[in-house]
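Both of the next two complexes hold subunit A, though its partner changes from subunit B to subunit C.
Up next, the complex of A and B:
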């Protein structure tokens, strides 16, 4: 008996719910928003109500115009990269002189004086210390130049305009215009580029930007590209052309990276990421004079030092590993020797060699130490007289000597080309991988970000090697 | 090393082709195998129930041939499943006519409820494109349990309509009244509101989407003969073939409710024109909708074009003193009214 009235009320409630309709909530929310904005406009007064300053509008007309928008953009990017690469040379060599030629002998002497066994001093000084010192010497200067420049542009308000100009291209590949910024940031450092994706508030597009950031050729890889392009590609053409060829090869690789970035953005947005929420909007803030010192401070502390610290943390064990595999002998050969032999067939198949693959595995903390590791391993395995012994990374000032060592290691033009390709297309460095995990908190996306470029790298170098061999017989 | 690069390339080609066959979206062997391996009789039973319910709802009766053609299964299997369904009292068979029993109807409605709720979920809470909703819901309707469905409904705020405008049956099997008329049957001069866009068959739905026809838009029929239907909506004229218009349902409204005249889509706002926001289309859902409201796209806000991207499509609009860039498909889902100068 009791139940009947309750049932009636429930039925009535349901009936009424149908009658109110579905958009009741939306209407209510919008009503609240509209009322709120009306109240605000009634009780507040602002100086430039509803408009933007004349100057802002004028600057915007130029930097987003059809004629000037793109030239200005490329010009600024080129300038920033040029200042970074050229400007970093001097402090880098200063630092490496200090770390490698002053402090290292001093440490070695100390080790001898306190009768440290050779293996301990080798492990600590040649392994751990060398890797850390190397990473700091080559990473710190470019980052300390690039990040402040970039942050100044950001602070001024120019970067959102770049995103606005390029949005159409990124939309086509399912990404957000702001990815143009995180991509450019990636030219400095991929880990910093990944952190920078926080400016993209749409979840799907942010993941795309994170996963594809590695296709931006970072500071750690520019020197590798420039070195290999100069000593191998520049050498096959007449002298007067060699500079041009080397530079265009490096730029070609960077552009190829951008192409891969668009391609994989598109692929990701059509497959694994299509279910993620996507909301686009882009605010174009007013221009303002950058706060110079504050910018310098925050970009050095927040970006440079954090990234550097992470790299150092990973470099120390890698240095130890590099030294150990070169110095521990098993069955008459060092571990590095065995590993190189093991990787040789795969390396050959993709136009590289075992040494290169091994170097990419042990030098995962930083792309900067790939070339020194390759040189060290090559010398150790071929027995060429150079360097400072097993497990001690080195680089040579003379291009000719470098070429000779590499040629002794079996390098050809194909190896050089494929190394450039593989340097672009391989897993991100451990610092970046760790940063991706920190940002996404997801093993799945971290693995995709790690494996996708690596698989692409294997496929591309494999195809290049086969076609090359077919044509050169 | 002794090997032939051509062989290597050939092996690579074969392996990638195989991987493509296995993993390619939708048609890959892996997905097909997954589909057949676990479906058993349940999926087919439920598809039959749904099909029969739709047929009965539109005043037709089901028979084996209609079902066979609609579901694309072989007749032997169909007969077997039908007899099992009859034994479970889901339907009874009168000569060659198939009729749903009360429990069969309830079952069918619960499947439809799950389907439409899932579409609503995809529309509101995920980024899946509208072209994906139906396909995904077709899978999920067989997988969700009753409890899961109710939990989902609660999370979504017990919605009444799915994103296409179809009513979602209540847990008790009640459906909202649906008093629309297909656009193809409206005569010239009729005014109305689009309340439903049919998502099946897909090739027609695709055309509706391509024309950017949105639910909840006010329309006025300008022309209707057996070749084409022209209607005015939100500042534009749309021309459709009768077959497409058949799949758009309109609820007729009185002249005085058709207050539209000057409303048009923000995407059509020209430079130097001033306008005020009227509303955000229902097609702008979930997170994107809230974001627009947050940015100040609310009723009555003055708005004008600030900048055009050099590559087109994206434009920056000046809203409350801030320049905000939107893409064309977003701007087409905001209605504005021109400000008199």
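Up next, the complex of A and C:
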């Protein structure tokens, strides 16, 4: 039979491969390096033969040192959070004043003038508009501060140093060192972090990175942490300490998340995802002075507004749903009321309450609306004279009022602590779940990634609640 | 270029008008396809954003672009589609990002491949450049971050580099938009065939391998006349690359 010409070539290749031996790849690589070095010696002149500037090396020696690496990391995180918390207060109250005291009465008046039926204006203004307004007022200022700061650090070149510092721990837990980078992305948005795991070649290590990404406290959850830490934990200490305590509590939660990430990576690599740790080269890029204004601009336009838009899109229907379940009565009680009652026993067991659990179910599309939903439902259930009525999300003028309402809803310090823990440890938002499915194409791994943090959340809050109750009687 | 201008700059023959129209993601019916390759962290994404007017996020860390990003611009009435490939150190291994980059340059047959390198890390960056030059004849070297190299007291003779590599070399500092008009102009000249490249071929190889490659590639050229990268195909066949074997069987490379 006549052979195809292509087969002849393949045979020849096979034949030649035998002849040249199996070190072809190495020889080729060596050849490339030799050529490169010849060319470079021809065309460059350098007074600094090391290539790396001495300042870079000196900075690296400090920020990646065994002694100072970790303290510097936490210190930088603390500074970023502190600026975010302190700086967001003023614009937040300004925005909520605008949305609630100026625009809302205006919309209400208009609804009355055009004879809109009460249920429609309730549904649109109290449900949809208020949810959107809340999300913008609460989320925009901290994001507009947090994201640019984070991006500046990124552009400066600090993140690869974080990866360098954490590499040892990742190796210990059977995961890939590049997971440090995807984890950092997760601090902005878990869905983005999951997509970023594509930089990890080994499928085993990539799955570990995907499943554990949710332990990075994402942008939708920072505001919850910050708010609860400020009004509950900051309030139990003297005023001059409250800022420090609040910041430390939020950092504590973020660090706890990192600890859980290592723990579950280790657990996964010892059980369902066994295998070797692959090695890789991590290049420490040179430090580059970030272009300040450009970074501010792009991080506000690209990250902040995109994330905000996503939150708004999810908040609008969620606001509508909340209004509906609060205003449709079945057997003399609203649907929300029934559901809250149903969840209360479980809520008590884990140091939370039915309202919080219901809020977490309503807020699966977006973590950002958990707090407004909780407030709204609490007001409805307790009948405290605040806010705007059934199913209306609202912003409270002062932190004190928020605390009053939550205390009336039976909140204690335990509730606040466990809410912070549960906010860290629960299922990813629906966008992230969908992204995980798209990346893994597997129902099994998607379910594991969804349920693992939720189960951990129930276990941890349960234990904390039991221990707390033993010690406080 | 108009001749009756009043300002000194525009009359000068050195003047390059930056009449680039940035089209963002509108990449339909492009006249030319331009691939953007380079090591991680060389400012590739910045070059991409500057040329297309897009704002793909750039950050100072390796491996940020994981998938291909596409954008377009119009220069001198021709439309260019720009494809930002993942940053890689080499094209010889099996990792996903290297495969994406390698396959695009090989099968996507871009009209021009722009290789972005970090001027202060030229030697390490050349590793990838030399591999790309084995695959494609039409390439431009974008010698980026020259400001940083200057700060680190590294001087590069661009003309000598262009001569050694056999492709045009454009020094840039994309973050500050320096050298971008020159880069666009060079891209257009290579795309239109005004500049013909004579890319460097890897020289330092044992005789045994050299002969094997020669034999295999001349056989390949006999079967597939017009194959521009027979040497690279020979390399890959000697490594036993299954993708290449299949592609040859399906005649996808010619």
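To be clear about the criterion, the second predicted complex is superposed on the first by the 275 of 473 C-alpha atoms of A that agree within 3 Å, B and C clash if a C-alpha of one lies under 4 Å from a C-alpha of the other, contacts with A are read in each partner's own complex, and residues count from 1 in each chain.
Please note the rule applied: a residue touches a chain if its C-beta (ideal position, glycine included) is under 8 Å from a C-beta of that chain, and two chains touch if they have at least 3 such contacts.
Computed from a predicted model, the values in this text were never measured in an experiment.
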{"item": "Subunit B versus subunit C as contact partner of A:65, first or second or both or neither", "value": "first"}
{"item": "Partner chain in contact with A:9 - subunit B first, subunit C second, else both or neither", "value": "second"}
{"item": "Which superposed partner A:34 touches (first subunit B, second subunit C, both, neither)", "value": "both"}
{"item": "Subunit B versus subunit C as contact partner of A:18, first or second or both or neither", "value": "first"}
{"item": "Partner chain(s) touched by A:240 [first = subunit B, second = subunit C, both, neither]", "value": "neither"}
{"item": "A:469 touches, of subunit B and subunit C: first, second, both or neither?", "value": "first"}
{"item": "Subunit B versus subunit C as contact partner of A:283, first or second or both or neither", "value": "both"}
{"item": "Which superposed partner A:171 touches (first subunit B, second subunit C, both, neither)", "value": "first"}
{"item": "Which of subunit B and subunit C A:348 touches, first, second, both or neither", "value": "first"}
{"item": "Residues of subunit A that lie at the interface with subunit B and also at the interface with subunit C", "value": "17, 21, 25, 29-30, 33-34, 37-38, 46, 48, 51-52, 201, 281-283, 285"}
{"item": "Residues of subunit A touching subunit B in the complex", "value": "14, 17-18, 21-23, 25-26, 29-30, 33-34, 37-38, 46, 48-52, 57, 60-61, 64-66, 69-70, 164-169, 171, 177, 201, 203-204, 271, 274-285, 345, 348-349, 462-463, 465-467, 469-470"}
{"item": "Subunit A-facing residues of subunit B, complex", "value": "1, 5-6, 8-9, 12, 25, 125-129, 132, 157-161, 170, 172, 174, 176-177, 216, 279-280, 282, 286-289, 291-293, 295-296, 298-302, 306-314, 316, 318, 320-327, 330"}
{"item": "Subunit A to subunit C touching residues, read off their complex", "value": "5-6, 8-10, 12-13, 16-17, 19-21, 24-25, 27-40, 42-48, 51-53, 151, 154-157, 159-160, 163, 178, 181, 195-196, 198-199, 201, 281-283, 285-286, 288, 290-291, 298, 301-303"}
{"item": "Contact footprint of subunit A on subunit C as seen in their complex", "value": "40-41, 55, 57-63, 66-67, 89, 92, 95-97, 120-124, 126-127, 129-131, 148, 151-158, 160-161, 164-165, 175, 200, 202-206, 208-209, 212, 215-216, 219-220, 223, 234-235, 237-240, 245, 248-249"}
